[in-house]
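Common to both upcoming complexes is chain A, partnered first by chain B, then by chain C.
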Partner chain A sequence: MTKEATPVKGYLNKAGNFVLEYLVLIAILLLVIITAIIEPRFLTVENFTNIMRQFGPLSFTALGMTFIIVGGFIDLSLPGIISLVSMITLSLYDTIGEVPAMMVGIALGTTLGILNGTILVASGATTQAKALFITFGMSEIYKAVSQLYTGGSPQDRNFFESPMPVTNALSSGSVGGIFPIAFFVFLFFLTILFIFQKKTLTGRSINYTGGNFVAAELGGIPTKRIMIIIYAICGFMTAIGAIVLFSRTPVASPLMGADYARDSIMAVVVGGTSLLGGRGSVLRTVLGVSLIILLFNCIVLISTNQFLPEVIRGAVLVLAIWLDHRRHAKG
Partner chain B sequence: MEQNEIILSMSNVNKSFPGVKALTDATIEVRKGTVHGLVGENGAGKSTLMKILSGVHTKDSGTIVFDGETIEHTTPIQSIRRGLSIIYQEFNLVNTLTVGENIFLGRYREMKGLHNSHKKARELLDSIGSTINTHTLVSDLSASEKQMVEISKALSFSSKLIIMDEPSSSLTADELKCLFRIINDLREKGVTVIYISHKLDEIFELCDIVTVIRDGCIVDTKDVWKIDEAGNKTENLTRNEMIAMMIGREIENEWPERPRCAGDTLMDVQNIRTRKLSDISFKLNKGEILGFVGLVGAGRTEIVRAIYGADKAKDLKILINGKQSKIKKPRDGKRAGIGLLPEDRKLEGLVLSFSVRDNITMSSLEEITKFGFVNSSLEKGIAERQIEALSIKTPSPNTKTKTLSGGNQQKCIMGRWLEINPDILILDEPTRGIDVGTKYEIYVLIKKIAENGGSVILISSELPEVLAMSNRVLTICEGKITGEFNPEETSAHEIMDAAIG
Partner chain C sequence: MNLNTKALGEQTLKILSKQKAIVAIGILFIIMLFSSANIFTRGHIEALLVTASPDLIIGFGVTLAVICKGCDLSVGSVMSISGILAIMMINSGMPVFLAVFLAILSGSVVGFINGFLIVQQKTEAFIITLGMGLFIKGIALFITEGRPVSTQNAAFNAISNTTILGLPSIVMYMLIIGVLIFCLMRFTSFGRNCYALGGDYEVAEHSGIDVVKTKWAAFIITGTCASIAGILLASRWNTGNSIYGDLTPLLVNCSVVIGGTSFAGGIGGIIQSGIGVFVMHLFRYSMNLFRIDGVIREISPFVRNLVIGIVIVTIIAMDCFSIKRKKEDV
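So, the complex of A and B:
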């Protein structure tokens, strides 16, 4: 140990921090390069369109989840909200028409989010752990209600009589045959939420609430209102995710949203938003979603094993949480 | 007893953290069987020094010799086994285990079973004159009892050197006496103690030698007492000299002169009743500094939390300027013109991982929001204005508050409230764990608030501080107000009597 060792160590530390901070970007780049070398099909326009098309339901739900996690909470009720919103929206297609039904669905999703937040506030649950259990319970309730509503049977859209131009556009419409319409819808919400998060008082208040709930409350920030707002945003975005999801499948079942709580949390954390709350952004989530989509695109191109993606999905989640702790827990 | 043997010597120890030089050429020699005081402002490098000794941090360069053995790399457990124990301020005990189990944690086999562990623990506790039952859970112990357990644990490793990091911060006066007795006993037995403290009275009462550290450099090491030929002990250095060494300049007074601008009644608080408080009613005048005196846990914090809306209180009526205010949550308190600087600045005051700017502007963002959007150039202005006005020492407004010293952290919260200029500012332990120099700056700030027509409620465990700053003092004991005094006319003794009940 000599005195000269110090600056070198400092640089190494800095380099280490930089790598940790921009790990997702580096991972995305590496993934693109490796896949392109192994499988030239990866760099075709068709595959590019395919990748953008996959910016589907998950990108919307993950955007919503970002606000929950930055606010210091967690939401496991996504499967329930997706289930109930899909079933009720689809059942209204024939009676009130496509677009009004979607509006009802979005309003319903937002309401369920507000309900989640209100129950958390009323039960005095101000920690992530309590939110975990309560929202998990809420999800079960929403799923059960949607099963009751449909009698447990899936909704088959082939029997619908009303025309569905918007639904079709969402599922397969594109601009110039390359850019999917759903991708533009995603960019639209991304822009709005980005500005909301960075520039508005409410967006900033969400950061404070997640950074230190007690300090934010004592500093005069309406933390309870903020809790309801973040769950409302998540419910809203989840409802849009649900609409994009069922627009793609001919048959919608009450259980089709099962993976979305886990995958959304994964996308947010992989993007580098801390599970500890207070820090993170929707742009990071876009990186997280991109990495996950690319990763699965690449696995599908390279291997045909159907279980491999599941294994990798789990490994990525664990790795992301581990890195999150390394990044933020060290003083 | 041999007093000249060196048990620990550190020479030219350096340590840097990214962007900060924490220690520069630190050189200390500690003589065996002495109580060696270590004083310095917060962030001066005391804890870094101790953490290098214990093996939590690794030094960049320099040599450390402990008990004749040169130490290169060490881990906390190796240090303890070598006979070097550290008792941290926040203790290192497992709350859900018993006293005996804690003392011999992980060494039951060496002790030949739990039964023997408890027996040995009993002997150790007896040896320091403590009567705690070894089967009590640590969670049921008071801070002072936990300290006894920590000391016994250190002794169980037959430690030659025990380092105590601010051991007095959570003790009452009686408990402190007891601690001093134990430390004196240890010295008799030849155990060396390094005593880290802010409180100079304790250094004078207890220590043989004192080392002053400032900005990562050792300023000086001096004998506290000198003994002349006739055997009389006299102080070798004065209190003011020591303070001057700590902060690097002379200060004339510890407190500024108290402001005298108390006017008419501003706030009338009636009937606070909670589980802990009964029938608390009092008045606060405009421009007045009102001190709350009481023991820790007497209910001082609960009173101000109820006023601010942080705790629910039944039948509470608050009249501000004669008008009734409905305060149900902190936000209402803020709207009614009250600000609260909470007791625990790290847990309740700051968002530690956020920047200085974010922490300062937290409560004033609403004022600079139009159509929901925060005006970021005004926000920058607020942060810069407060950083300058309070002379907050920070590399930039974007620096994270967790890297700041305690005093500067506290100033960030002060700045947050000064920006929205509340009529009533409640300060709960504003100077706890803050160095002498910054303390004075905070007193001056409090004075300025009163002079500008604001009212202040001041809670502090340091009696001299409350008495020197307040216009009026309320004593609180077991959830009741037990007296009202003018600190200029009443003796500190009388006030303390009322506070103890």
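So, the complex of A and C:
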């Protein structure tokens, strides 16, 4: 009885594994097909450019978040970092010029990331739960500092005197009218981070640390340094995300970017990087980001309710986490 | 006689070093003595208790989850949606009693789903409840379209705005729920099992405790407490709003840790958590009130946020540090 059932069961298991493994790709394809049938506007060049433009801030923050999650941790401080970096960078535009201000912003973001990592290492927080609470508290601190810095008021770029060619290029510049410049910046960082993750010792060590923290430590991997490095990468990428984010709006508020921690985690997990740590790559994150952007593009095309995406977002997040645990849970 | 006093002093010192929250209350009260605005009036203390009550009720519930080595970050959204649901159902003509009952049940349902995902499916408690919180907040935004909802119903309004035995009713409910959960944790096998499985899940499982059911029930109670708090809050302001409770889950979880219920699981209790949540509220209340004539006018809200952020980080970091030290000692 059991002998006869085994091959069938084996095929079913294989099919199930295949579906689970390539769930995101299948979902993307289905989504594109369904939306293209319901809404012909979906398959136009304008919408294509629009979708690529939406790759903007989320793709950068999600790339940074990938390293945190692969390393077995989590970071809720993105809203705080985005707030502080964008406020300080914008306030420096008139005094030291555009590009130096951006450099300062990126350096600041990296520093804040290192600060997060250092606090986690110093307090001996080696689990996701503790990292979650501490980085949330850090986010509140950064947000409060940026509100104190600006007095709580938003920064209006229209009042700035210096010209802003780089910012404008980031927000609306494109190559040949189709490919946005921000998209190329994204591809550039994607390539660097991909090589870093796959080909360098540090990059591989991040995976080992996430897979089994204790074993990695016993195996001689400097886990404390790795923790600080992943938070530094996340801070760095978040700072770039912040610059892309404020380049697209004329008025930047200290409270913008409130959703980015949640959306980045969602993009990473939907892409198939495991929250249990150790598994995943930046390429998977690109898939996750694409799926989420496509999904919201479709919702906006189909429905007019402004709050429907909020519901879908939450549902996708819960589902993604659940599926991830079903797929990768130990045993 | 002399020895006795000395022993008593040592005993007190030991208790105080263990229960840092009580020390914090003492320090806060001493600082407030210097403030020009006097907090030591019946009005202020009562107002403090009334504002703290919903969070205290949530804190009691969250304590159960934390003792079972979990945590619940969906309580804020459950709180906001149960108030919204109650008001919407009352506005559609449902009797107040039934509407309140169904709204409380909504919290239990969320707790049930949380329990299913965490206990049955073994997902990580904090991240899945964070996701649930965002999902429920999305639903709350969706059904209210982002606007606050309110009702003219006097009976619903009266739930939290009357006095029972000289105390504001909301404080009375808080005390009743606190005593109930205290008894549940102290005098029933369910409560003892919670401590056992929080301390060591596998050992508890092998000693014959039905770990799945117990932990599941703990999450249901957490959700129910959150929805009760939400209804009391909605009744107090006569409004349900989807922005209520954005910071609640993290603040309450931190407050519970301040009280001495550790994320390590199996340690803590209702009274400790109550003290922890109370300290957090006292702290925020005193910051709102603190001023010295001619020197400090008022603390700006941004500074208050900054201080609260620093407090959260410090408290959790200290908790992590003590867990780490304990592990090294073993």
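Of note:
The rule is simple: the second predicted complex is superposed on the first by the 328 of 331 C-alpha atoms of A that agree within 3 Å, B and C clash if a C-alpha of one lies under 4 Å from a C-alpha of the other, contacts with A are read in each partner's own complex, and residues count from 1 in each chain.
The definition used in the following text is that a residue touches a chain if its C-beta (ideal position, glycine included) is under 8 Å from a C-beta of that chain, and two chains touch if they have at least 3 such contacts.
The structure displayed is predicted, hence computed values, not measured ones.
Using the contact criterion defined above for the overlaid structures, shared-chain residue A:Phe160 touches neither chain B nor chain C, since it reaches no partner.
By the touch criterion defined above, A:Tyr22 lies against neither chain B nor chain C after alignment on the C-alpha atoms of chain A.
Contacts of A:Lys199 after superposition: chain B is touched, whereas chain C is not reached.
In the superposition on chain A, contact of A:Gly278 is made with chain B only, not with chain C. In the superposed pair of complexes, A:Gly137 makes contact with chain C only, with no contact to chain B.
Using the contact criterion defined above for the overlaid structures, shared-chain residue A:Phe179 touches neither chain B nor chain C, since it reaches no partner.
Look at A:Gly211: by the touch rule set out above, it reaches chain B but stays clear of chain C. Residue contacts after overlaying the shared chain place A:Phe296 against neither chain B nor chain C.
The partner that reaches more residues of chain A, of the two candidates chain B and chain C, is C.
Overlap of the chain B and chain C contact sets on chain A: residues 276.
Listing the residues of chain A that touch chain C in their complex gives 74, 119, 122-126, 128-130, 132-134, 136-141, 143-145, 147-148, 152, 262, 265, 275-276, 305-308, 310-315, 317-318, 321-322, 325-326, 329. Residues of chain C that touch chain A in their complex: 71, 117, 121-128, 130-132, 134-139, 141-142, 145-146, 250, 253-254, 263, 300, 302-303, 305-306, 308-313, 316-321, 323-324. Within the complex, the chain B residues that touch chain A are 14, 16, 18, 58-61, 308, 310, 329-331, 333-335, 340, 342, 347-354, 358, 362-363, 365-366, 369, 372-374, 376, 402, 416. Chain A makes touch with chain B in their complex at residues 1-3, 5-6, 10, 13-14, 199-202, 204-205, 207-208, 211-212, 214-222, 224, 276, 278-279, 328, 331.
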